[in-house]
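Structures follow.
Next, two complexes with subunit A in common: one pairs it with subunit B, the other with subunit C.
Our next item is the complex of A and B:
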């Protein structure tokens, strides 16, 4: 589409200008500043900061735990969304509202709450402790915190898609001889796959950027339970702005690559399935 | 028989949405279930497909009882109103779905697919996605998909609902052709009578969960048995007329009813005149049909091939007796349709006076023609006419409630009153003395008396019993008439004397079965049966007291000691009771 193409809605020039300005001012400019700050470092210095064992450990935890949390949320978010969409039961509206709670809660509150429950002597922690399972101050706790705060993203992405899957589709599959499981695998799953990926992306993106809730439950042991955002804050506290910026650039790049990959995957899926839509 | 339904019942929240439906559909038959929305027809279809469980009854497909068999093992093909195509699959994958599930080899799948695409005239569209097809094409794919696994039964749930008129016509033809070519037993659900007429070998008409009538399209149209079918299938002028020994009296005309009348005594009947069976002319002599009354053209509407007239009849003209519209409208109006030749031979305009005649009158076999609320004072009768169950019944039966004041109602000494005959079902209040009044009315020629408590609502269960075998037929006919308009469960209660149970039991059971099969054969009425022992009236009262929302229909031959025996039942003010009286002999 060319810029000159006449549009039904007037004011394209104005809105496009605004969009560009808005994006630049609050997204691109700060990111550019970040890259510039890191760019003022010498290359070898940059490499030394971003590939220190402590930094590598934090990447592993940040991205690994985020991916795990997003996966958990896609699976259980599906079940949750399914229940909310398909069944009518007392308290359905209440549960529907509860799902948004992690959106609204200051993340530090979530972290404190989780720590209270899962610490060694917490309500649940005390029963897990004899089994040798330690949640608080381990990577398990980090994953738990990330799962909690990214849960609404997965559920909310899936809900509209599941509403689209009409009962008739399952009924049709059943009269054609398909078992419940076959219908789920061949009909429902492919239909909601794009939304499943969107849910994963949103949950993952949210988890990677999370800071507040994790620092309470993680214990922040270098190499073990230290997430990258925390490492950045540590650099900042030592007035090492350039080191912080360097780590920030790496996070930015990695997040961008992951999100781009998922988006491409989705676009590919869309082309394959819905390219037809007039 | 390809599909056999036996007393299939399905409740939702206590209300029967499919109520005691029994039906046999033959091999290769195209059967259409027709009914308004909410009549239970789609639920019934889903029950046949196995997608909805039934609470009661049996379903058999090709001699195999499938009542508890899962949908995927029933061997049916189902087509939905909204196509329900798998949108992420191509046409080919959609059609092959059932074969893929069954592990059919790719080569055989492809061959079957080609065959089906040819059948539904979609050759070459294999690789399209559903979104690339028009609505009509999508539904064709859905039909092909439903036929892929060679089902024994094809079920179509309002398949044309989402299509526009022209496409609909085309698809109808395709489906009928496919059905003929494959000889597959097919059930189509629709609310569109044109569609039903165009496609069906036989039509079954459903309302309020009941299958009211089954028949060939032409038979149902020309000889409906119920008011609902008469008015649902095309337009109908419904009148209350008098049946006399000479024939049916409709206005000035006396029409001979076909066959010997079942009942020679004079009584009210419901007459149906199709709009195309009405003739209008300048004078009675030019009608070429039986003159009924004078009328004035109220409204004139041109609609292509046909012209529609609305003619207001002038009562009392030229000695014509009253012709009452069945729905109680003040002045009876006739719907008339005329073909082009008819229009040319006699042109009319609004406001013109015309002579009206009928070519053909059909009398409904329904015994309940209208209601008359009857009490000793006019005020009481008026109040009774507003009783909720009565107004509900009259509204559902599309009939009227007359108000009748009988000052001497129930008085022992026969006064000079009761000069006019009792017409339709006479309604009295259930209160002390009601039995006496009912006996009084029955003794003066009332054929049906409905005794109504002030608070009675539409019943959930109707108990049926008759005291004399001679009244069996009439009681069943009245019961069937009531139950067609009320979504209630019908129970025939047989009662044997309390003593010597063992000796009477075989006789009692046989009479129960006789009653059931007669109800089914003559009226399409399905009923449960129960056998009880004891005195009739107290036993019926006990049964009525067992659960709320019950109504009793009782057939009475002899009126001897009637008030005495039924005082407890009729005077209590607790249950609606409909008494059907036919004198023996």
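Our next item is the complex of A and C:
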């Protein structure tokens, strides 16, 4: 097979050339520079940077808080998606549109707003403070910010899947005496499982790299409330480019793993979808 | 009973006359109330309270103080820089998106799926890394740092760096909207136009563009929202020079850290209004029947 199948349409050379050139110039070459910068380090130096106690502490927070935020979003995202798909109530369309707000709202804005609401004297923080729950400037705050910015990914992944649940199956199960919970576990959950996992992974991927909203609410104490992207910025500010690049490569590797997981999950979901249709 | 049937949807059509089991018990009513209550509480705490706080804080000392925050020369410079940045980045990424969608949707070639994955790549990368790669290339200790300094060209801590970093993070927005849309619309009409003697550009403007206009607008507004609101990537390359390399989101950070809360939230309110406008346009585009793929 040749590189390209013949077509009567013009413009392949121009558009393909421009696409690959621009992609290389803006995305691929800069990323290659990152890998090269980390690659120019001696192996022992690289290991020392990426496994320093401060770096390990930042991974623990970044990956832990992101996993927690993605889990919260899958649970509440399911409730939200279910509510939006199954129930009719005043303001439903407005709520549906609002779900995308974290996509449109700049992260610095969500950061300062969340911090203010959950600070000791904030609208919500003042009720949590007497209970001994401190959100702002703790890992809880980090999780909250990550939950906010990754929320749409979980809801938007689940909505189409819930629309497709065959309700006649649910009805049949209930007619045959299945309890609601049994019907949920055996009919709804298997149908939405791929979307549930995709939603989790997408939310996790977005949360791990997040910087803007977190730095305002985190407190940024080394080992405690310092996320990996912030540690990279600190290295850069000290002109330690190679240290920053080393940490960047670790995060980049993580992104690739997550990207691969998303592709595999989506392929799995499509396969199941096709099987279900037959 | 009647409402239960209405809510049943197409899946339950054959059972119209039969009673839907479990649909009108008090349990289902309870579950329904519970789900709606949990959803609304979650959104109220996470979205509505923060957005309301932005305006409450911005207007805390009255409307006049709010308005004078925008008279600050540094804030005005930030507004100007943000607009200039978006005015360059958004059109460039739109042209790229159109070219990529034409190449990918109209032709069959090897390695297409790899190309699509690579275009989506910036979405999976931390904004901090998106900015850092340009520091590594063009920064003082970077690959081309010495050469650039010799030739008196500044990219990092200046407008070109900000534009490059913004371009990187908003790179996929238009393309990923247009590629699936054009793939689904097919080539028949374009092939007919070419066969009947229309030129390539004429086919694009008269046949393709009208078909994809809503998808294009959709990608464009999302690209613009991100370009104007990007913080992490721009923060790394900007150098935070007041009045020179501060975009609006960076201006918020500086004002906030100086405890100028009215100023910080006033600027934040401006960006929140932009986000609201983006959502409105997005909803209107969806009303035309446009669906994301």
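Here, the second predicted complex is superposed on the first by the 226 of 278 C-alpha atoms of A that agree within 3 Å, B and C clash if a C-alpha of one lies under 4 Å from a C-alpha of the other, contacts with A are read in each partner's own complex, and residues count from 1 in each chain.
We take it that contacts are C-beta pairs under 8 Å (C-beta built on N, C-alpha and C of every residue); 3 or more make two chains touch, one makes a residue touch a chain.
Everything numeric here is computed off the predicted structure, so don't read it as measured data.
Touch criterion not met for A:69: it reaches neither subunit B nor subunit C. More subunit A residues lie in contact with C than with the other chain of the pair subunit B and subunit C.
Once the two complexes are laid over each other on the shared chain, residue contacts for A:100 go to subunit C alone; subunit B is not touched. When the two structures are aligned on the shared chain, A:191 is found in touch with subunit B, with no touch to subunit C. Applying the stated contact rule after C-alpha superposition, one finds that A:49 touches neither subunit B nor subunit C.
When the two structures are aligned on the shared chain, A:161 is found in touch with neither subunit B nor subunit C. When both complexes are overlaid on chain A, the residue A:27 reaches subunit C alone and has no touch with subunit B.
Applying the stated contact rule after C-alpha superposition, one finds that A:109 touches subunit C and leaves subunit B untouched. In the superposed model, A:174 makes contact with both subunit B and subunit C. Comparing which residues of subunit A touch subunit B with which touch subunit C, the overlap comprises 166, 168, 171, 174-175.
Considering their complex, residues 7-9, 11-12, 14-15, 20-22, 27, 31-32, 35-36, 38-40, 42-43, 45-51, 53-54, 57, 96, 99-100, 102-104, 106-110, 115, 117-119, 121-122, 124-129, 132-137, 139-143, 164, 167-168, 171, 187, 190-191, 194-195, 199-200, 203-204, 222, 225, 228-232, 235-236, 248-250, 252-253, 256, 264-265, 268, 271-272, 274-276, 278-279, 282-283 of subunit C touch subunit A. The residues of subunit A lying in touch with subunit B in their complex are 166, 168-169, 171-179, 182, 186-187, 190-191, 273-278. The touching residues of subunit A, when paired with subunit C in their complex, are 1, 3-5, 7-12, 14-16, 18-20, 22-23, 26-31, 33-34, 36-37, 76, 79-80, 82-84, 86-89, 95, 97-98, 100-110, 112-114, 116-117, 122-124, 144, 147-148, 151, 166-168, 171, 174-175, 180, 205, 208-212, 216, 229-230, 232-233, 236, 239, 241, 244-245, 248, 251-252, 255-256, 258-259, 263.
Residue ranges of subunit B in contact with subunit A, taken from their complex: 46, 49-51, 70-74, 76-78, 80, 82, 84, 86-88, 97-98, 101-102, 128-132, 142, 145-146, 148-149.
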